[in-house]
Amino acid sequence: MTRFVVGRIGFYTLIALLLAFFTIPLLWLASAPFTSNPTYEVRMPDFTWENFEIILAHPYALGSLVNSLILAIGSAILVVVLSALAAYALSRVRLPGRDALLYALLLLSSIITGTAAMVPLFQLAIELGLIDSHTGLILIMTGGLLPAAIFMIKDFMDTTPKSYEESARVFGASPLQIVRHVVVPVVRPGLATIAVWTIANVWGNFLMPYLLLSDVEKQPAAVIMYTLYTEGGQANLKVLSTFGLLYSVPVVLMYLFVSKKYGFRFHGGIKR
Amino acid sequence: MAAIELRGLTKVYPGGVKALDSLDLTIPDGEFFALLGPSGCGKTTLLRTIAGLETATAGAVVIGGRDVTNVQPGGRDVAMVFQDYALFPHMDVTDNIAYPLKIKKVGRADRRAKAGEVAARLGLEQLMDRRPGQLSGGQQQRVALARVMATQAQAFLFDEPLSNLDARLRLEARTFLKKLQRELGVTTVFVTHDQAEALAMADRMAIMEAGLIRQIGTPSEVFQRPANTFVAGFIGSTPMNLLDAVARGDTLEVAGCKVPVPASAEGLLADGEKLVYGVRPEYMTYRDGTVEGGLTGGVAILENLGASHLVTLDVGGVSVQAVVPEGQEPALGEQGTVLPRHDRALVYRDGELVAA
Amino acid sequence: MALTTSPPDPKALDAAPARGYSSDAAGLGRLRAGAFVAPALALIAVFLVFPALWVIYLGLMNYRLTGIAAAEPGFVGLDNYLKALSDPGFWNSTVLTFQFVLGSAVIGQAVLGFTLAWLMRNRRGTLKSVVEGIVILAWILPSAVVAFLWVALLDRDSGTLNALLGIPGFAWLLDYPMLSIIVFNTWRGTAFSMMLYGAALGNVPPSHLESARLAGASGLQQLRDVVFPHIRGHILTNLLLISLWTFNDFGPFLLTAGGPENKTEILAVYVYKTALQAGDLGYGAAISTIILLINLVVAIFYLRLLRSRK
């Protein structure tokens, strides 16, 4: 009996400690934006909205959020369209070298990271005149996300029955009509997941925009956030906390949405 | 409405597997034709090749007099119902049925009206706004049928039309389909692995094995006179008795007993030949005790089939089965004889039917 | 690249076609299929494959950001690589990166992730949702935000940590920078390991655990005798994956920018500083090539392991 009680106490203590470890750093984000004179310390907020008004007036804050949106949505559109087309073709047609290609994609998505590629990408951007351009950044980030996206969508399409397409085909639909009428609607959940995954990735990406965008007006929230706390002088905690919160909320909402609707398919790669 | 003809149709898969081996088949206009066989025999491959979803390696497919071997699936004027019905999940019933008309560029109002007409014929009026996911199995099947009816194609192809329904529904659906096909009069080919289904529904059928057609005939023909031991063993809810036999003049030695040579094989057997004697349990009569010209043994097993019994006799170590009408079944352990019907017993030489 | 979900499943490569039926359900044909694949491949080729190959070439040149070598770079062969071998900065970074990966991934995230998964293994309900939710929150928040949250937490004068511990004036980021970034990265990345081990534990047949329990095994013994044998493979692949990710992680830059005095200058930061701040692109490219090669080796090893286990 005592062993059970001691075990219980031990369990809850450990859980409490771990929970504290993970929660404490986060608390500041919840309290400081609503405090009129925030310090680094976490205190009970006095529930004011004035920090948000300051943000609205800040020259770069909202603009950077818009930039983040542009980059995220632009990349999402490109990734979804290109990966869906490629994945469909790879799923349905036995192209020569298909298996080798898929293996290569798998490898690429793991090896060529931002860190490994920052130097050549920077050089490439200069050569192609893509420095300081949202388009260039979108292209580069899309290129980086495509292999994994193709793999994920292809996986989804492989498990989609072919009878829908074959049925439409026997009714006389052309391949393009079949893709439009039948394939796209049926794989919509997969496409939505990829879109959200891309947006989440691009939204939080710091290195690429930091590397490739020099104009402050073009920089997304990731870079502005960093600038705000590294520029000289006393960090403006009102701006930082509020901006940080505004910047974080969209990703959190997206995660909640995806996990409610599709049950976040996130098991670390293990088949359940 | 059109006849379907296959000439020397062959399909070889990339690995070298021969899925269809030089098949010749003619299905007359308006016939309800079954492709029957075990898993992997090529029946679905054949259906898909007729539809155009698989390309033939050699040979020709002719539909309504037109050689369509190299024509794309959409251009053959056939319509197909898949095993899982393939109803588009994102469209309602009306749009699903109207889909073939959409491809034919019929205007929206027109095609929805037409879809309503076809649906009414199958009793689907109340379901027009539903999505496939909200329908029962039987309803989904009728929507799939309505969809092919809307095409007004020359021929219908059904891939295992009843296997997605549960057992009770299946029997109702059988009758329903047979009636429908009769009304529409459209040449219909359907694939099934269930021999009872094929016998019940088809006007004629082809029984396939490993890419070859083993027999073509009406249900009565394949039931009463299977052309080879494969068909003999495949057709019939109770398996046919296939017993080793040796020819001796005008009798056959079977399991230590003497039975007369059946009418179909009279005069065609050589003395001492090793053959297989085939007779269906349904074509046997049971008598108590020992009777000349029959197979005598002890009653080993009795199985109740409802309105009849399946009696298994142990004839010198060999199992022989007979179907006995209600009320006439023997007791276990009794000695009895089963007498085969002279005009229904068959003889097989090297697996093939011995016949004039 | 930041957030990833589960790594792609290499089993998809081995899927054999059923019955040999044509898989081209819509009749796309090779030509159209090629056209469908082309745009994605083009983008991948230009912005992923080409840079990976080009960096090898760049490492053999003496490109610079400014100056003569920017306009007319010359071929310097293996000079950059030899420079790396004798460069104390490079070795410092390598050692620091090794510590970083060992501390925050191999020890930190894996152990913490497993502990959380193990503790939550039999629970459903609110506690599990809350714990998982908070841990995942740490993972999905943007890196710039979490970096600053830790700057705030570790602030010497008014940071919450010092307030809780009652030691104001203790400069974590100045006096214990490596420890700080290790704990930071552990905090950040534990979610992935937690979910992975959670799934792995879920796959351990409950009957095995039951038998062990009935035989009198304590929790720890069950762990050792039943659980570990089952999840051994998962442990190794998990460690490889998170090590790979951590090796390439740029996050610490946001917290310490490599300082103070290069004490947290992991390779990712070192490349950035050398190539893009000091402007020595050639040398930076050489180091990047080394990083790529290390990634390649780990990735191939990881994929081989995954495939052999399926």
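A, B and C label the chains in the order they appear, each numbered from 1.
In the analysis below, a residue touches a chain if its C-beta (ideal position, glycine included) is under 8 Å from a C-beta of that chain, and two chains touch if they have at least 3 such contacts.
Given the structure is predicted, the values throughout are model-derived calculations rather than measurements.
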**Study point:** Pair of chains ranked first by number of touching C-beta pairs
**Key:** A-C
Review point. For chain B, which other chain has the most distant CA centre?
Key: C
**Study point:** Mean-CA-position distance for chain C and chain A (Å)
**Key:** 16
Review point. So what's the Cα centroid distance for chain B and chain C, whole Å?
Key: 59
Exercise for review: List the centre-to-centre spacing of chain A and chain B in whole Å, with centres computed as mean CA coordinates.
Suggested key: 55
Point to revise | chain B residues counted as touching two or more neighbouring chains | key: 53, 73
Practice item. Name the residues of chain A that each touch 2 or more other chains. Key: 163-164, 166, 168-169, 182
Review point. Out of chain C, which residues touch more than one other chain, so two or more?
Key: 25, 27
Study note, to complete from the structure: Interface with chain A, chain C side, in the complex: residues 1-10, 12-13, 15, 23-30, 32-34, 36-37, 39-41, 43-44, 46-52, 54-55, 58, 63, 112, 115-116, 119, 127, 130-131, 134-138, 140-153, 155, 157-161, 163-164, 187, 190, 192-193, 195-200, 202-203, 219, 234, 237-238, 241, 244, 248-250, 254, 257, 267-268, 271-272, 275-276, 281, 284-285, 288, 291-292, 295-296, 299-300, 302-303, 306
Review point. Taking the complex as given, what residues does chain B use to touch chain C?
Key: 13-15, 17, 19, 40, 44-45, 48, 53-55, 72-73
**Study point:** List of chain A residues in touch with chain B within their complex
**Key:** 161, 163-164, 166-174, 177, 181-182, 185-186, 188
Review point. How about chain A: which of its residues touch chain C in the complex?
Key: 7, 11, 14-15, 18-19, 21-29, 32, 39-42, 78, 82-83, 85-86, 88-95, 99, 102-103, 105-124, 139-148, 150-152, 154-155, 158, 162-166, 168-169, 175, 178-179, 182-183, 197, 200-201, 203-207, 211, 221-223, 225-226, 229-230, 237, 240, 244, 247-248, 251-252, 255, 264-272
Point to revise | In the complex, chain C residues that touch chain B | key: 19-22, 25, 27
